[in-house]
């Protein structure tokens, strides 16, 4: 259980708006962390600070022992390779077909040969159940399919950790399952994951730890059982009562 | 009007007698140089050669008759009458005005009719016939108004048109004090103003007035009745010295012409040539003019668009750059160009840049101005295209470890190009329209050509309408093609 | 150039003796009408009254000196010299040129200096001094090139500029055959072309040339050396008949002036007045011109925008209408106007509509054309605004039982207005730029005024730059104000 | 149990695309019908055909005994008064504050006096728990608040039936509860409702009948227990397995 990611007193301010107010936390290798919390609580911002897509205002973000906050853009590019990210809005490259989406970064960043990149890509597409769609363009895929391609694309770089920002909340309900299935498989394979989601079922089944974020702080941390069944914090209780009521 | 020199009528009249007496006196002293066989020589040859410099309509000018160049005009008709009366054929030799008298002296030509004024200097080297035409100043009016006006004094309180910088403007300023004057550069614009009731008359040389009147049934002309200070202008035929017998014979023809008022007819038919039968032919007759204009308009636009896209890309990159010494100049350029009219930019390039760089041709200046203008707009289109690629696309690329530059090249720009190309198409279409402004510095685009057709046909509105429809057809067709291409691309 | 009549130099020279003998003969017959006390009278009065028509620079014209109108020019300086020599004061009376000689005869004025040519007709009623100035044709060149050129013949193979339709154009066409001519309407444009090396010289009347040269240290002038056919132009002073003593006295002053070549100085200082010291004063001096231009530009734009919004709303409604007889005309109008250049629309309205409607004023035509143009664009803005209101808004209203009309009025239009008003603001700003095109039909907008300043200052680029900056300041300021207002509205 | 809405052999075609292929169904007064089904199955189109926002291609839609398909636009306006509709995207009039949103239609359609309309509006706002927001503009409200206002707005016309088109699917999870609560209250008050939703919990608790729509047909109808616990149709089973898996 080595430390993969370590966050110390992380803050982020947009203008006047203090979005993160001092976050601390550790993600060990092989762990699945699920981050839950109300809208606007800073979950996305936190996730984006982990791979420095967003520059933290203060505090430290260490990845595999290196503090990222002081690194140059070039050095960061090398780090980001190892941290896959999946977005709520999929963000597939709309000017390329599925295969090119998967092979672009390996070829350009890791200088992989076309053939090798393609073989790897097809393996990954099989893993997410979309080998037959390799020539399709993103526009012609359903939301669930796009998100599975996006996961495969991130995996194509062989990352050490995967960050998910509400990967299912833009999906029609019947597509949510197929994406969660892929993520579940990934977790079983031992991938280190940080997942922002509202899918409490998933959190309960897959998470090693659940972090509840509200107002720029991690209000409560614990195992799924601790958080869902015995929440300590008032805001956690309130949030869960609303979300689980349905 | 240099050729037909002014001279003092009064002076000549009062001194006429004395002068002749004096010349008579000299005449008795002067030896007779040679026998006068001039008339005889012509009759023997059976042909009389006329020298002329055919660049002075309606006196003499070149026109296309059945596809061939031909010298026509009042002087030619006078010469034809003379040849007919002499019973010989007429041959016309074209030459520079300066060479005409030399040609006479060396007997290359037998007579010169070229709107020539019999000045004293010239009289020293050649003989002159009697003047056969006296230029007068007239006022062109609408035919239905002709009875309203007698002469220049009938226009008190009204507006007359004059050509800017002309003798007539000067005359009108001095001698039509109670009348407002409207100065325009082109006679055709004046005619148009007259026909559209913007002015009540046009002060013009009689020959010009005759030509227009002959050509347009809605017009008439009246004598202006200016006080020309006792001066008059006259046009006479020049012959080699000591051609008295020929001169006398020709003077008889001229007397006949004057008696029958034939010059009036001659001018009318010259006017018809000038107009190349516009009364009855349609605008199709001038399709070469319009075609040339379309060609230039499209050429200017195409070159400007290409340069505009290249420069615009640079400016867009500059504006997107984070380095201030690249960013701000690009911003300033784009904002300044977009904040000022193209018209003034065209003037600025033509005169301002022309100051630094010798001999900048108008076409070049026009293209450069339009291109520089377009560059600013294209830059904004490109920036807009890049901005409209969702930021998620870059973030996805960055999260995969790609550099910003790489992300731009492989992901953002290809998508931006697809987004902006309809806008670039629209920019091209609007440049077709905007490029019309280069006509102000004399680039021969469609607008310029429409003015040329106005000048050639003496019709104002028809060429405007034709050019307008041409513009519309071009822009409409192009935008349909663009739309179709765009839809096809979206389906792909 | 009517005032200064041409006369036959050769004729006069050769006949001079005879003439004087003849006049002398007449003189013995003619009775002496009255005693000549003209000189004595002036000296007694202690003032000599000069009559002039001050509208003929550089001879005489009005300029503002310390805010007051003052008659200046070569003639005034000649008169001042005369008054000084006579030991009297000079008084200037302004009147119409036509009234000058009557004023002499009725002794309202003592002498007339008004660029007047001593024609024979005039000599019958008044006395003339000797000519004090002979107009010649010159060629203006760049100072550094002065030694390259001797006269008109030095320009073979080069390009000279001439004012379109002028005497000089005619002269150059006839007597500078190997030289290309570039015709422009305005002398200022010619000067500009010369300074920007587009042409090598400008053919102009000497007085004009002198004025420009005095005013611009980069210019020089050379004698054109045209063959004027033995004619010359002269300017003399007119006096009441039988003023021999005064005339003789004045002729002495004139001899002095000629001996000292003072007219050259006089012309130079007149040229300075013409330029109102442009060499040293900045463009601020002409702020009234620019202010007037800005006023007109904004006025045209404002009126056009208001009309454009009203008409544009109608056209937008028409286009959105489902009734074909309303829908299609609106579509055609909008597409046609957007498919053709504003320049040609302005011409079409001015000449085309002017044909149906008498006396359409240029300002009115310009505003109408710009407004009609704007209407089409505004219609599309409004349509776009309505389209951009989410359809859910109408559906929500319909689902509540509201009619389509009601939904449009209470829900869609108020939202559309909020959406389109920034676009309308941009339309206003771009109309400020586009309205510059109305200058082609003579509306006195900013572009027109900049040309006026060019004419007044003999400087080409500076006024362009100033107008350009003014345009930029206006559009930039307005767009900032708009942006701020927009942001404020969004925050509300 | 009178018949409120009756649909007979309803079809709707967009161009070539047969979206509704012959729907039959009856909604009795006081009933709550929940329509479920995969995306693109025609649920929204069906709902919009009920108040003729969408013109059916063929078939009959009867409301309180009147066939609507032959009516003029003017007559339809009078019918639509009695059928409230709530949209996925709220569609509050963004140029008006909350109170004006509620009073506009009563004043303009029913010619109610300002005072009466306002009193009624405030009653309804209290019912949805938003009386304090009456002067607010839609933009300043959260999604859940907007949707509650939208429900109040529809109620302001005193409709006989309420149509809901996925009223909660554009909401953040913690706001879903508050909207469902309002709908539940409405149902308890005896309002006739047709609700398209993916909230299976709500369907189970509130629905009298659940209709499963797929490919333009109603594939299965039944009580919540029948549909959720003993689905007969293969597609129903498949859909439910995906949606309920989480």
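So that you can tell them apart, the chains are marked A, B, C and D in the order they are listed, and the count of residues begins at 1 in each.
The rule is short, and it goes like this: a contact is a pair of C-beta atoms (placed from the backbone, for glycine too) under 8 Å apart; a residue touches a chain by one contact, two chains touch by 3 or more.
Keep in mind it's a predicted model, so treat the numbers as computed, not measured.
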Averaged-CA centre spacing for the pair chain C and chain A, given as whole angstrom: 73
Between chain D and chain A, distance of the C-alpha-averaged centres to the nearest whole Å: 36
Inter-centroid spacing, chain C versus chain B (mean Cα positions, whole Å): 21
For chain B paired with chain D, centre-to-centre distance based on mean C-alpha positions, whole Å: 74
Residue list for chain A, restricted to those that touch at least two other chains: none
Set of chain B residues in contact with two or more other chains: none
Chain contact topology (line, ring, star, complete or other): ring
Pairs of chains found to touch, sorted by chain label: A-B, A-D, B-C, C-D
Contacting residues of chain D [partner chain A, same complex]: 38-39, 172-178, 180, 198-199, 201-202, 239, 242-243, 245-246
Residues on chain B engaged by chain C in the complex (per definition of touch): 1-3, 5-8, 10-11, 14-15, 18-19, 22, 55, 96-98, 117, 119-122, 163-167, 170-171, 173-175, 177, 185, 192, 195-198, 228-231, 335-336, 338-345, 347-348, 351-352, 354-355, 358-360, 433-434, 436-437, 439-440, 447, 450, 460-461, 464-465, 467-468, 471-472, 475-476, 479
Residues on chain A engaged by chain B in the complex (per definition of touch): 51, 53, 73-74, 77-85, 87, 89, 91-95, 104-105, 108-109, 150, 153-154, 157
Residue ranges of chain B touching chain A (in the complex, touch as defined): 390, 392-393, 395-404, 406, 410-411, 414-415, 418
